[in-house]
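Order as written gives the chain letters A, B, C and D; numbering starts at 1 within each chain.
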Amino acid sequence: MAGNTFGQAFRITTAGESHGPGNVVIIDGVPPGIPLSVDDLTVDLDRRRPGQSKIVTQRSEADTPEILSGVFEGHTTGTSLAILVRNQDQRSGDYSDIKDKYRPGHADFTFDAKYGSRDYRGGGRSSARETVARVAAGAVAKKLIAEAFGGRVVGYVQQVGHVVAQVDDPAALTLDDVEKRPDGTPNIVRCPDIAAADRMVELIEECRKAGDSIGGAAEIVATGAPPGLGEPVFDKLKADLAKALFSLPAVLGVEYGIGFGCVTMRGSQHNDLFTAAPQTRGVSNAETDADCGSGDASSSKSPDQARHRVLSPQIVTRSNRHGGMLGGISTGMPIVLRAAVKPTSSLPTEQATVTKHGEPTTISTKGRHDPCLLPRFIPMAEAMVALTLADHWLRWRGQCAAT
Amino acid sequence: MAGNTFGQAFRITTAGESHGPGNVVIIDGVPPGIPLSVDDLTVDLDRRRPGQSKIVTQRSEADTPEILSGVFEGHTTGTSLAILVRNQDQRSGDYSDIKDKYRPGHADFTFDAKYGSRDYRGGGRSSARETVARVAAGAVAKKLIAEAFGGRVVGYVQQVGHVVAQVDDPAALTLDDVEKRPDGTPNIVRCPDIAAADRMVELIEECRKAGDSIGGAAEIVATGAPPGLGEPVFDKLKADLAKALFSLPAVLGVEYGIGFGCVTMRGSQHNDLFTAAPQTRGVSNAETDADCGSGDASSSKSPDQARHRVLSPQIVTRSNRHGGMLGGISTGMPIVLRAAVKPTSSLPTEQATVTKHGEPTTISTKGRHDPCLLPRFIPMAEAMVALTLADHWLRWRGQCAAT
Amino acid sequence: MAGNTFGQAFRITTAGESHGPGNVVIIDGVPPGIPLSVDDLTVDLDRRRPGQSKIVTQRSEADTPEILSGVFEGHTTGTSLAILVRNQDQRSGDYSDIKDKYRPGHADFTFDAKYGSRDYRGGGRSSARETVARVAAGAVAKKLIAEAFGGRVVGYVQQVGHVVAQVDDPAALTLDDVEKRPDGTPNIVRCPDIAAADRMVELIEECRKAGDSIGGAAEIVATGAPPGLGEPVFDKLKADLAKALFSLPAVLGVEYGIGFGCVTMRGSQHNDLFTAAPQTRGVSNAETDADCGSGDASSSKSPDQARHRVLSPQIVTRSNRHGGMLGGISTGMPIVLRAAVKPTSSLPTEQATVTKHGEPTTISTKGRHDPCLLPRFIPMAEAMVALTLADHWLRWRGQCAAT
Amino acid sequence: MAGNTFGQAFRITTAGESHGPGNVVIIDGVPPGIPLSVDDLTVDLDRRRPGQSKIVTQRSEADTPEILSGVFEGHTTGTSLAILVRNQDQRSGDYSDIKDKYRPGHADFTFDAKYGSRDYRGGGRSSARETVARVAAGAVAKKLIAEAFGGRVVGYVQQVGHVVAQVDDPAALTLDDVEKRPDGTPNIVRCPDIAAADRMVELIEECRKAGDSIGGAAEIVATGAPPGLGEPVFDKLKADLAKALFSLPAVLGVEYGIGFGCVTMRGSQHNDLFTAAPQTRGVSNAETDADCGSGDASSSKSPDQARHRVLSPQIVTRSNRHGGMLGGISTGMPIVLRAAVKPTSSLPTEQATVTKHGEPTTISTKGRHDPCLLPRFIPMAEAMVALTLADHWLRWRGQCAAT
């Protein structure tokens, strides 16, 4: 049944495959009057784009978006906004050798099981190519949350294999911190710990040369969100954010705040204690304890804070093991999420598998695949987080805004 | 905005608070003709019930469900099915001492921030009391999936603090394996590894006596699900299952299959290889490799398998690091999920906090709280998994069933 | 599939049958802080109640609502609000004579066709008994729209058989105008044209005595709605209002404004011309031309008008053939709807029909049925209109409110 | 809030404006394996196309659809299907004279009121141009219902001004009956009563020459639908069909079956009596009484009837005043709907109006507008009916199909 829509109030619907004419997203519920141009979309589309560096797939796609509707004279109109990104480098060559084989770790088998047939030219709808539509939509969501409450979503590669980045204050990271090295050159692995970044690149290269791939983890931090976003029961903000990230290809785990670390903790160690926010700091992401990520107050000032019901004195927590959400509702502290991303399933090395008739065979992918998914995963994950926050912001405003 | 509904085709909507008259669930989309009585509901309601053992909260609730509609002459009618569970032991005593204080780790602050006020008598809608409605609905979902495809959902406590259970074949666990000790007495911590169970109970008792609480992890396994459930993009089965579990109180992390373990793996180690299923075994959960959980073929025979498109020869994977889902769609292998549950936030020991006016104060919970949430978490988590599978089963049948 | 939910942002879900324990509604998305008590519900429940006069069914139901959740200290909390109305006079006597027969005009046959069986004790879920849940929810919606924008929904019986009421200014009608005769006694047929009301009562009595029933039409007018409610394409306000009314039992036609009268008109006759609103009048329902209904400005003053984007000078139309909606979006003029309601299908006179095996037989309803559905239809229709406006108000606020 | 989606299980989402790059629809939930090509779409797109005859707008649009996704090797894949129709003849010339004026009968004012601004180049999203996306999607729905149950949807112009068509058996009409005159030339007004058709064309021409426009009514008949489609309460088939038609521009009224004619009827006259279907006839649309439309059994044979629960003997009604739906659920009789369409609001003759600042002015539309909307309305209305039936068919199958 219809499953290509995400969100309630800020709602996206996507279509498109890896080897068809293109991918399209319709964004419904966009507030009117937001300045928007193609340039706003290309920043993140370029971060997601194949061929951007030596450690990602070399498929060549310009990924130039066309806004089909919903923008007039440089501003959103409030009606549905459609964006089309055409596919270019499809190389729909000879698929006869893989047409009937099930690639390990891929959706070939499950598509056949579900639909009775599948587009065998590269994954079809199950290809990560579809995320181009999400990233385009996410760019619109980022514009909205920045304008609405100074919201910002920044992700980075926190781990590749056994290489773990050390980042003191994830909530203070800017886009530049993630995208650029100190010398201004591109940080191709999107890890702000430069020493770790170098080792990550090395490890990815090593895997690529070995005809193998490697897993990793991403951390995504959203700052500026006011307290009050999220619904008490099913549509908890944590639940919708988890769905958002798990809906991305290759994600096998999601945690927020202290995450799985809570399993071995006692309540007395775990609880974050409330305290009054220092008067001179912003409310949304102030942090008075060093044991968890802290935001830079000036970077996430909320233009809308005057419309919130609970105002003065502002209340924060001394630490942020709760990852910015209590009872499924945002607390105003930085929202911190972590996702586990499996190693790329497509391998140039030969693997045993079966044909769709169940006969044993072997397969190897002579393709242009990412040896590690993480660098391109970052903009995808940021997009999903931004879309979720935009949705819950509008939901909050509809039900709870003071009129 | 409306956030008290879960599911698309098999859809539940709940209402109710901890200290109001009761909790109610409306289940919409239930197929007609399923045998159902109050007795079908009480099994799981009793597993969730407070006061069931010394290691859970001593609040006393009979939790007797009343079916208000949707059942006639012992069978579901196909129209909306409502179940009411009245609250009994509310003890709405004197709340003046906590009325204006924010309990650490609770939703007191976020409710005030969102709604401008809150029900201060024990959490209101944010109390885990609301899960009684989910568990009642989950019992109906369990009936449906058992009838439709021999589906079974069994969870157990896999870890409490540093005590980790060893379970060789989680997919083979029955309800009795989890609920009873070898001598037939209740397994109050719901851990089938009896040695670990004893140490868990000990640890929980120790925490309770210390005025503290402890975290843990649960593993939930669903067997019998045919390949093909789940949607390719946003409504991936893994995404909806993750949302289902994250929507439960206190869940800080969810993973499936190898989960966060994938971060340090290479593709060549990680991929599960396809193979033809042995002819003499059932299709849905056959397992030919020992490194992951395996199902007992006879216990999850699918009466509906003849209606599936991919039939013969059946195809399985040699291992189950993928946790039963590829491309977000079920493979027919056991679906294996793990959730991290934080230590109970309510503590009898004094904690620092603030009033709603931001003034420093202290708080201690003189309540009847679970020192560890895990034992009662199991039926809640099973319910959410069953609801998700029931929903995706109907969604699959609507779109993809051969007519 | 799940079809017992109405609305997006202000969303109700209902359950219950005519001969079960009761009917329940969960209202999701109610803004917090609205004063609400059981008394607010009973006004309309009493208007809908069976047994209220000699011209309606004599089934005896107190229809006392119980608020199960969502209200604390006399105000809505913002979380889901559940209301239960228990059935009392069910008379589940001997149904053996009608159990296998299909009553003409009823859903007996279609329920069997859809579900394979049905609750034969009086219609089950297809009985108009279910509307008790809608009317309870509608009372909450009326409170919301009154508070939010001075909104008011009043309906009346405009026609019974060939008796047509003359009402000069439907938009000026108050609840009292409809409910009471000039002498203060109840207006049992709910028609403010007293001469017509008397003839209607006479006609209904005549039909009842003849063992027959009679059709009619209702007009529903909503005033105070600001311009801007409704979505441009599928969720046009007119489309959602039409669905709302058509979802009620026995409705065979709906029109708004000039309605079917437009079929023979030319554009030059039909268009309503815009003009500036006189400064001294309210905006929402001002009317400068006598050919259509006009509102009393003072009775529908909008406390929220200051938050609308288009403010000064206010613009109205000189006539209201457009029934308050253009392009599917409210114009601020009175919203005027008309519904055709068929004669009651249940007749005490013998009618030919078949058994569920297709064998010819006869049937007569020895029941307590309304000889004309219109008097009790009015509160049902008002409820559906109020629910739709409440929903679109929250939808507007979420997307378009200036922050 | 998001309002550009229609349907639950077979769900379309559209975007696009009259003067933007194009219109796009994403169809979600399409069953896999349905043969589909661009040619299947062009039949109805051509019937809707501007410039097709002298009595419609002369805007020139080829309306060539591009399938962007969801079709592979000539069959639907089961994943989301996107169709793009580019705009060609936009004539985005000089709009300075109408930019600030509100056209009577149009959505100019309501868009400004809702969104704070509008696309003034011809209506933007409120233009009937958006229906091109619906018609493309409707063609896919028609394929599905034809394949699933032999379903067919045919509409015709039943009235223009005072000219009323006489059609003995609407349920027997074929596409050719509506599209072609007896001599094979196009029936440009889409009225199968040729004498009436000629008078309609004459009347439309007369209005066009007078700088005026004219209203009318359409009748839409769906045959072949099995009994059991539609939900008992809110999502009644009649309610969803009414919403479908009311969501189209210019529709002011909808009725089904006897419609508003029921207002003056008695129950004894109104009820349609059940009877066993003659053995030699098909079930879905058999008709044994001449007073209402009858289907040709052979033309709507249901390949799926064997899977329905109520089978033998088949039951029909002797007449069809109920328009094919009882209790909101299809009976298997022809579904007969009628819609009132207002005269075109755009007039070349000068009309009084105001500017957006409320100042009096005049306006005349120097455009290429339909003097009567009915001829092009037919494919739009058919599309909406087909989409609704496709949706309810999948919903029925998901919940109620025997497995």
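Keep this in mind: a contact is a pair of C-beta atoms (placed from the backbone, for glycine too) under 8 Å apart; a residue touches a chain by one contact, two chains touch by 3 or more.
Just so we're clear, the structure is a prediction, and the values are computed from it rather than from any experiment.
Using mean Cα coordinates as chain centres, the one most removed from subunit C is A. If you average the Cα atoms of subunit A and of subunit C, the two centres end up 45 Å apart. Distance between subunit B and subunit C, defined via averaged C-alpha coordinates, is recorded as 40 Å. Subunit A and subunit B, compared by their mean Cα positions, are separated by 26 Å.
Counting partners per residue, subunit A has 1-5, 8-9, 14, 29, 32, 78-80, 114-116, 125, 232-233, 394-395, 398-400 as the residues that reach two or more other chains.
If touching chains are joined by edges, the resulting network of the protein chains shown connects every chain directly with every other.
Here subunit D touches subunit B in the complex through residues 8-9, 29-32, 78-80, 148, 232-233, 304, 307, 394-395, 397-401, 403, going by the rule given at the top.
Across the interface of their complex, subunit A is touched by residues 1-6, 8-9, 14, 102, 104-107, 109-116, 125-126, 130, 159, 161-162, 207, 212-217, 226-236, 238-240, 242-244, 246-247, 249, 251-277, 308-310, 312-315, 322-323, 325-332, 340-347, 349, 351-354, 356-360, 394-396, 398-400 of subunit B.
Against subunit C, the residues of subunit B that register as touching in their complex are 1-5, 7-11, 13-17, 20-24, 26, 28-29, 32-33, 66-70, 72, 75, 77-82, 84, 114-119, 124-125, 394, 398.
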